[in-house]
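The following pair of complexes shares a single chain, chain A, combined with chain B in the former and chain C in the latter.
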Partner chain A sequence: MNEIIGLIIAAIISWLNFVLIDTYLGLPEEPGVKGADNVGHSIKQRGGDLSGGFFQGNILCSPDASAGTLLASIGFMVIGINGGILAAFLVYIGNRLCADPGYAGTTGALTMTVILTIFCDYLGFKPIMFVVGMVIAIFVIQGIHHPASTKLLGTIARKFNRYTKLE
Partner chain B sequence: MYMEILGIITILMALRALITQNRAEKLLYINVIGFSVPAMIALYINTPFALIVAAVFFVCSTISSNAIAYTLNKLDDEIVLDGE
Partner chain C sequence: MIYLISETSLLLNYLITIIVSIAVALLLGMPFLPEKPRRFSWTKSAVFPTAIIAMGILAFCFSINFYWLYDGKLLAIIIGVLSAVFVKYLFRYVFPDSPNAEGGNNE
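Our next item is the complex of A and B:
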């Protein structure tokens, strides 16, 4: 597997894993904590989408599926499949420390462990590609242009019927 | 190659966080650093303990981002008293 192509495919898969799981579990619908509310409205003031802004705020304020994906990839890289499961447990603890009662982080970690087993053990990818790919994925969502990425997240939220009803 | 990519992302986000004025925007750029540094830790240590170190760093940075984000609105009402 060519390194650059593998890295790009790994980034896309990591992006899909965390965005789809987070959207399905309701992150765009409402802010989990007050901080996420502040971030969501700040992005809306700068021309972004409110639902996408809540998504960004929820990523910021608590370990969600993006954290689960990253830690599962790291766990798989250093330990193997047990590392992915241990990462799910660590993300669960992190969620409760951040006063988040949800399961987005643990779900993301477990699905990522399954994906990693398929891609790394049978399709010739390396776990390190998924670790760096996840960082690239979060850079694309939070590091380039917030109004544009929140509009994309808002569109995906509408497709999943998870768009926010708040103002 | 992988360490270099993570390093470039970290430095870019740090510079961007330094330059931008909006506080919420700064916090989101720093959150990207909160992802890339655990990845760098894991790549460098590359033993099973790396998972624990990376997870602890990540959770701690998330807890502090949570605390900072909570106070973002409250700073606008602060009153500054010049020395009397």
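Our next item is the complex of A and C:
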């Protein structure tokens, strides 16, 4: 498969995997720790969305589905299916040490392992495409323009009925 | 990826460890699922985190090519039992307790 096309598809799949799982498991609803609260309010002051800001703060302060997706891709690249499952376990330990119940990270890593098994074993993708694709996906959310990306995350949170009730 | 055992056998081992860990956790009196709303619950249950811990430790053993007897099936059963016992009795000594709204869990 052409590397560039594979990379673009892998980035889109990784983006959907981590944003949908993180939103469904309540990241935009409330900040898990004080740091996430500060990030959310800081982004709101700069013209962003509060719920999307909590989302950004939460993925910054503890390993959620974003870290799960990235680590599962790396684990799968290095040692196959066992690496993806091992990544889920390590993300779970990291979550518990960061005062987070750990549902989002573990679920994200496990779903990514399943996706990688399907795409790499049967559809001709390479695991490295998903590693690079996830870096691009997280750069789109965290790296380019916070107010615009948090507004998009806030809209997705409203669709999932996970919009924050805090002010 | 090259495995020393077949991929079907590998998936079967994971299935065995999940089933054994959930069964032993239920026997030890843990609930099957956390209470609602599940995404904010800190309850230890049979599915989460017992099955995750069992799968993780089994994945660790398989990734260093340690399969032991019967293509890893005996290892899957033992790890399933031990992870359920760990979550029931030793979990609180290893991982910190849930932080409550007042801040800190030392009160």
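Please note the rule applied: the second predicted complex is superposed on the first by the 166 of 167 C-alpha atoms of A that agree within 3 Å, B and C clash if a C-alpha of one lies under 4 Å from a C-alpha of the other, contacts with A are read in each partner's own complex, and residues count from 1 in each chain.
The rule we apply is simple: a residue touches a chain if its C-beta (ideal position, glycine included) is under 8 Å from a C-beta of that chain, and two chains touch if they have at least 3 such contacts.
Just so it is clear, the structure is predicted and the values come from calculations on it, not from any experiment.
When both complexes are superposed on chain A, chain B and chain C end up sitting side by side without clashing.
By the touch criterion defined above, A:118 lies against neither chain B nor chain C after alignment on the C-alpha atoms of chain A. Of the two partner chains placed by the overlay, only chain C lies in contact with A:81; chain B stays clear of it. Applying the stated contact rule after C-alpha superposition, one finds that A:97 touches each of chain B and chain C.
Of the two partner chains placed by the overlay, only chain C lies in contact with A:106; chain B stays clear of it. Look at A:16: by the touch rule set out above, it reaches neither chain B nor chain C. In the superposed model, A:132 lies in contact with chain B only, and not with chain C. Of the two partner chains placed by superposition, only chain C is touched by A:25; chain B is not. When chain B and chain C are set side by side, the one touching more residues of chain A is B.
Between chain B and chain C, the minimal CA-CA distance in the chain A superposition rounds to 8 Å. Once the two complexes are overlaid on chain A, the chain A residues touched by chain B in the first and by chain C in the second are 79, 83, 86, 90, 93, 97.
Residues of chain C touching chain A in their complex: 1, 3, 7, 10, 14, 37-42, 48-49, 52-53, 55-60, 62-63, 95-96, 98-99. If you check the complex, the residues on chain B that touch chain A are 1-2, 5-6, 9, 12-13, 16, 22-25, 27-29, 31-32, 35-36, 38-39, 42-43, 46-48, 50-52, 54-55, 58-59, 62-63, 65-70, 72-73.
Residues 24-26, 79-83, 85-86, 88-90, 92-93, 96-97, 99, 101-104, 106 of chain A touch chain C in their complex. For chain A in complex with chain B, the touching residues are 3, 33-36, 38-39, 42-43, 46, 56-57, 59-63, 66-67, 70-71, 74-75, 77-79, 83, 86-87, 90-91, 93-94, 97-98, 128, 131-132, 134-136, 138-139, 142-143, 146.
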